[in-house]
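Letters A, B, C and D mark the chains as written, and numbering starts fresh at 1 in each.
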Amino acid sequence: MNTQPSPNSLKIAYIGGGSREWAHKLMMDLALCPDLAGEVLLYDIDMDSARLNEELGNWIQGQPGMHSRWHYRAVSDLKITLADADFVVISIQPGSLELMASEIALAESHGLFYPVGDTTGAPGLSRGLRSVAIFKMFAEAINAYCPDAWITNYTNPMSICTRTLTRVAPRLKVFGCCHEVFATQRMLAGMAAQFLQIETPPRKDIQVNVLGINHFTWVNQARYQGRDLLAVLSDHLEEKGSLRFYTQKEVESWNDWFHSADLVKFTLFQRYRILAAAGDRHLVEFLPGFIVSPESLFKWGIIRTPVSYRISRWEAAPQKIRDWISGTSPFVPESSGEEGVGMIKALLGLGDIVTNVNLENTGQISNLPLQSVVETNAHFSRDSVRAVVAGALPRAIAAMINQHITNQELIIDAVLLNDLDLALQAFINDPSNHLPIDSSAALFQALVQLNRDFLPVPEMANNRVQNAYAEAK
Amino acid sequence: MNTQPSPNSLKIAYIGGGSREWAHKLMMDLALCPDLAGEVLLYDIDMDSARLNEELGNWIQGQPGMHSRWHYRAVSDLKITLADADFVVISIQPGSLELMASEIALAESHGLFYPVGDTTGAPGLSRGLRSVAIFKMFAEAINAYCPDAWITNYTNPMSICTRTLTRVAPRLKVFGCCHEVFATQRMLAGMAAQFLQIETPPRKDIQVNVLGINHFTWVNQARYQGRDLLAVLSDHLEEKGSLRFYTQKEVESWNDWFHSADLVKFTLFQRYRILAAAGDRHLVEFLPGFIVSPESLFKWGIIRTPVSYRISRWEAAPQKIRDWISGTSPFVPESSGEEGVGMIKALLGLGDIVTNVNLENTGQISNLPLQSVVETNAHFSRDSVRAVVAGALPRAIAAMINQHITNQELIIDAVLLNDLDLALQAFINDPSNHLPIDSSAALFQALVQLNRDFLPVPEMANNRVQNAYAEAK
Amino acid sequence: MNTQPSPNSLKIAYIGGGSREWAHKLMMDLALCPDLAGEVLLYDIDMDSARLNEELGNWIQGQPGMHSRWHYRAVSDLKITLADADFVVISIQPGSLELMASEIALAESHGLFYPVGDTTGAPGLSRGLRSVAIFKMFAEAINAYCPDAWITNYTNPMSICTRTLTRVAPRLKVFGCCHEVFATQRMLAGMAAQFLQIETPPRKDIQVNVLGINHFTWVNQARYQGRDLLAVLSDHLEEKGSLRFYTQKEVESWNDWFHSADLVKFTLFQRYRILAAAGDRHLVEFLPGFIVSPESLFKWGIIRTPVSYRISRWEAAPQKIRDWISGTSPFVPESSGEEGVGMIKALLGLGDIVTNVNLENTGQISNLPLQSVVETNAHFSRDSVRAVVAGALPRAIAAMINQHITNQELIIDAVLLNDLDLALQAFINDPSNHLPIDSSAALFQALVQLNRDFLPVPEMANNRVQNAYAEAK
Amino acid sequence: MNTQPSPNSLKIAYIGGGSREWAHKLMMDLALCPDLAGEVLLYDIDMDSARLNEELGNWIQGQPGMHSRWHYRAVSDLKITLADADFVVISIQPGSLELMASEIALAESHGLFYPVGDTTGAPGLSRGLRSVAIFKMFAEAINAYCPDAWITNYTNPMSICTRTLTRVAPRLKVFGCCHEVFATQRMLAGMAAQFLQIETPPRKDIQVNVLGINHFTWVNQARYQGRDLLAVLSDHLEEKGSLRFYTQKEVESWNDWFHSADLVKFTLFQRYRILAAAGDRHLVEFLPGFIVSPESLFKWGIIRTPVSYRISRWEAAPQKIRDWISGTSPFVPESSGEEGVGMIKALLGLGDIVTNVNLENTGQISNLPLQSVVETNAHFSRDSVRAVVAGALPRAIAAMINQHITNQELIIDAVLLNDLDLALQAFINDPSNHLPIDSSAALFQALVQLNRDFLPVPEMANNRVQNAYAEAK
């Protein structure tokens, strides 16, 4: 951002401006915030979506209860979008949802059943590969057109995308946001209500110390008004008599494709004495032993989110917007519960906040490698984001996370150094992947083919991977 | 050892003196060495075996071609064995072979098919647990009765046993010996002969830079007279046209239960660009994806060594000795090819050597944790063993090894800190273990029961492990 | 503190409760704070002073403009003072002011002219030695009687005293407070007013990133409303034409014994490109080349604070109190400008703050050793103090600070391990000490004699130190 | 070197081939070695000296007792010298002896009395600055013309010169050699003879563990046939009754300008419990408190080597050579006692050796920064030099060395990054420099002027240094 941007005439560059989830949340939160005004440029390779968001954003200004005046504009040129922006928001779909579906299906055909598929494991690492190529381009553009802007990334795989930006252009000011920890705070708030016989406290009042990597983040201290909520949880779990597994039928009856039964989370808590802060659907993708069959997932209460559901939701979104604008369905102004606008305000000097974000490790987690992107609390103040020291992870967890961080770096190196073999090493070493090396290599090769259009040197796809393993005897 | 032990009146304390493999090798090599003399005290909980070795050791002195004069004595008291010893050799079977068989069978009943089962994976970690308890006792005794002695450990699990000694008594002078790397040198010597059209060079002339942990050690530089043997290997593997998998029938026809087809080793070499220095039977126990079925092992040319074979070999050994002594079968004096006696000579100032051993990491591998036990070359000179700096491992390999080192430390902590939960964390995190947490915990619990007699606080076996995983919803 | 202390019935244990500076500041700030109430126990080896403070504290409650109700009580028993305290405040004079005067005079007689003498250099390290012995006793008592209390240390040498508490009792919750950085913020606020043509901003609005060790702390980022104040300072210094040294006469005419001319601070800024955040009187004690003569100090505008002035101020203090109570001189209620009460409120959950404190390094400064006590910003919230990551120091500064940290650890070790030789190593290595080893040892020996009553093993004072340096030729 | 150089037709490139000390030693040792033959190219900017060495080298071949056949050739072109060389030897005088004299005199005029002036302190760092510029050029040339050659550096400042080579061209194979440790081994051998009542053992039989940086290296283990020589030294020093200082008259009567009385060495040993392995003349240049006056040096028995002596020795050298060749003075073939030729043989596969050298830290000293050039033992074998792990330095010594390493890196950065301010930071931070910042800056500026012809951007000499220190009040 300019050294002294005026809160009344900000420029926000939105990469992925046709977004059908994060863009709407931002619009709503901006509209409800009386302190800021300016323009939001919506850049997208899908200009129809960007234009619809432009229409919605501008329409919202006129609705009752809205405080701010913002101008939205769809732009097809990245340079125009970024030029002198104060803030850049990135929330893209790296590749199509159909591609995502193919990746997950390919993994499934090799016996790997990922419930989400956007962060780690074979489909997540595959998505990571193309994301590095895409974010490299973003980093170069931001560095050229608005190097002083603050960049918020919402795109998954979070760690790989966020790290790519500063690997490519080290001076960029970047942080990555994810609401996964909020759900854990809500769970703890509910537990506090139940076991301390109080009203359910607001999420933000659950004080947590966060440490780990995105979607595999942990909480080693959780308190509400001085009460130790991890001790409460521990006592409660000790009391319960038996492991309560789920049946396939039960789980299939749930009607929320993003449901987490928390059985994995609680089991990990008992084994490692620290609370995982992401949903079970994410957790099992980082661990050995779970994604081996649909039955194994059902047993633990884990639903695999069908990409077809994501696609239909995505396809239905425009009509929902049009219905609001036409008055066919009522428009209810409501805060998103996200912290993005609060962060912008803090960066403008309008009130410090402390919340969890993804940043390069500059010391906040003492037993993970420096410079890897980690998730902890951070202090936001005027033009400044500084991590709060979170301390050290338990040894057993640190070793697992270190393996995942190594894999992320290998994926980034594979693209930036044009050496796909490094990506295959990440696939083989992935803890959720129980395939022998030859099967991993075959799956890898198929995934690389799928991503051929995104990889900088298409020939890489053929490079060495199909070489046979020979016997020298 | 005493500050200035005389090579002519050494005292060697042999813990596991009834050993039917390493003890005989040592006897032979001592007998062939004209520079040393003294006495060897053979301590064992199996006194019959120790007494037979006493008989054999003393008998060998009188055979033709034997140079040295050593006195062997079986001793049932550890204090007498150790008092003022110059050298301590430890080669024990931690627990019976029957117990080892049960461990491997238990793992198999849970779907984990370990070919060796003495180093890592469920049976190796289980063996590790009891070994910590046993080696703690050895460390305390050595520290009390001969704190200046040099200690050579041959017992598996090598890293856990060796590290336990200095965890318990930091000033002890310990190194661990394993001949696994020698086989890789021999393989390279054979390859040099074939592809460089030369006579097969002696193993010791294959210059290797060794780095890793025991049975998962690597070679990133191998040369014969200046020729880069890893480049030769690489060229050769590139030439070959196809991956040559094995059938069950083929493998079963091999008549060597310790055979390595090197297919895993070569595949790893192609993927990670560094040569694993242990046999395939060991390698697959450190990796995900292999031990899932006997078929999967056969395909890669891996035989599972039957413990029954170990038992029958063990049972047959005494008769072999008696046949030598009685003259029924001819006794052929022959060097063992091991380096133990060469090390003793170097430590006495009779000629420096450089060879690979297991030592605490004091800097020799820069990207593994300090103090973990690692395997590299070391320089042996008078009363001194110092590692040679081996450098850094490739990132992907370092992350895997770091996971194994963490697991080893958790196993040691579990016993030394009386906290068996830490051992369960190691089981869950073991890369070869593809079981979900509940199955890992069940297998763990069964293995702990098996080891009940060895664990310092038997109640530990019931502690928390069978607690249910509860659901707090 | 108790897990949930009530802000209306707090117990504060004040060690050094007869304090004539910090105690009065705390009393006033507590009296002006409407949110807290409770009792303050004043422990001191000088019970007269403690009783006078008791009288003053209780008297203040009745004065106009005072909000809170606190009860003050002088106590001669440390156990009673500490039992179940919620907060412990430590501000003692370690040894008498006369002892301090002797230390500084002794150093002077060896050619070392320290302006302050309470932090580092020969007198500061000497004071450190006895402080370790004293704080060891405090740590043990707090650990026994109120292990959950939050401890604020104000005593110098700050780093040594603070670190001793957690070296002795690792679970104690400790931070150290110093207002030295505030003066730098005020200087920057004044500079902002002058060069940006604005009203002088309040100190707290000068946003600084603090990193270093107490009295040798640095600021690598300073902003007011987005304006980079270090750039303003740099421009201004470039403009000025010549180095403006001071004459002895000029400096002697200054009537403030604590004056800092900032000439050293600005020179360091030009050389190292980072702003020292302590006054020049402190800075020169950490650096080579300054304390060699009074002339050298005068030239740089540095006054040596006479201990005689401290003594007379100290002696005059009781009458000042009596004059207030008797009405002889008017009592003006006024906030101290310190942050102690704000910290207490934050720890009780009454409003987060971020301010600079001294804490063990858990990652906040990435190129100083973990666990050393460093000064950075920290986030205070309910029952939680967590450092904000400050990043890395410039290499040249980090090396100097690392030398001082090593010396501090050697001083602590010397007392805790009963090995005074280690303290002599610290004396020799002190950067401000330009004496050769023999002179350093003689000065050291004399200082140890002075401190004989405080050192745990009085014989230490004779141990080896006076041993001659021999020549073996 | 070529992968498989033939010991019978080696090419050695000698940079500084006109050398009047190291070149003669090498010639002699090569001539006495029957195993090697080839050609030595002598490159020098002083071609007369190179040609005289050419004549001498070739003449030596014909003398009685000489084994080898080597051809010497003076070459004025660096490219021709280096092309395809197997070994490169660098022993240059960076700048003239007159320049060295001026540096030392300048420092003296500021009150800094350096006895040697070629390693550290103001003159050593100044020499370092120009050496970086010169060695940068060597590194680029070697990298272009013989990147596989092994490079031996003998030039001081050793650490700065050696590190510059790999900073500029990381793949170069470099080690630095210095005989300073040998003198300590000889001292220990003499002590062993005296106190153990034995014949003086050969230097090489004194087994030492070396760790530190060149000319400030330490020995924490020294043994002869198992006897602990540091314990012998310690006992002996305890016995002696009084510190034996020297008078100016005594010292001036010594007729060896390189004499070391070892009084500093032994005093350090008593204070830090570890033996410094360089002569006192070097040691005092690394320490505070010594170089403040000639009297202070005399007292400790330290002679300042007059550069005029070096110059006259240098000027007399050619006549000595001509006298040999003409037969005027007898030529006595004698080994130099250096290890250079032994190292070459080891690198050719003709016999491993372990000796002390200067190498980048890849782990050999665990508490000094990785990649700094440190001195430890190393194992030389065919085409391989690997450091032997030396362990950790005592904390107090490590902190001092870390300061010197930081200064060395700042000197290198100053030239490679064209930022002379960094070099001034090194000057100010130098522990031997007791000047205040303004005097340090003035001396620095004068030294930079002296070196103007060597620094890559002459304008640097004016850059900022003479800027005044301003006062912003």
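By definition in this document, a residue touches a chain if its C-beta (ideal position, glycine included) is under 8 Å from a C-beta of that chain, and two chains touch if they have at least 3 such contacts.
Keep in mind it's a predicted model, so treat the numbers as computed, not measured.
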Could you tell me the least number of steps, going only between chains that touch, from subunit A to subunit D?
-> 2
State the pair with the higher C-beta contact count; candidates are A-C and C-D.
-> C-D
From subunit B, the most remote chain by mean C-alpha position | C
For the homomeric pair subunit A and subunit B, should the interface be classed as same or different, according to whether the shared residue numbers exceed half of all numbers used?
-> same
Rounded Å distance between subunit B and subunit C, as computed from the means of their C-alpha atoms = 55
Using CA atom averages as chain centres, what separation in Å is found between subunit C and subunit D?
-> 44
Scan subunit C for residues touching two or more other chains and write them down.
-> none
Considering only which chains touch which, label the overall pattern as line, ring, star, complete or other.
-> ring
State which pairs of chains touch, listing all of them.
-> A-B, A-C, B-D, C-D
Where on subunit C does subunit D make contact in their complex?
-> 191, 233, 236-244, 261-264, 266-268, 270-273, 287-290, 292, 296, 300, 395-396, 398-400, 402-403, 406-407, 409-410, 421-422, 424-426, 428-429, 431, 433-441, 464, 467-473
Which of the residues in subunit D end up touching subunit B in this complex?
-> 3-4, 207, 209, 221, 223, 225-228, 349, 352, 354, 362-366, 370, 377, 379, 381-384, 386-392
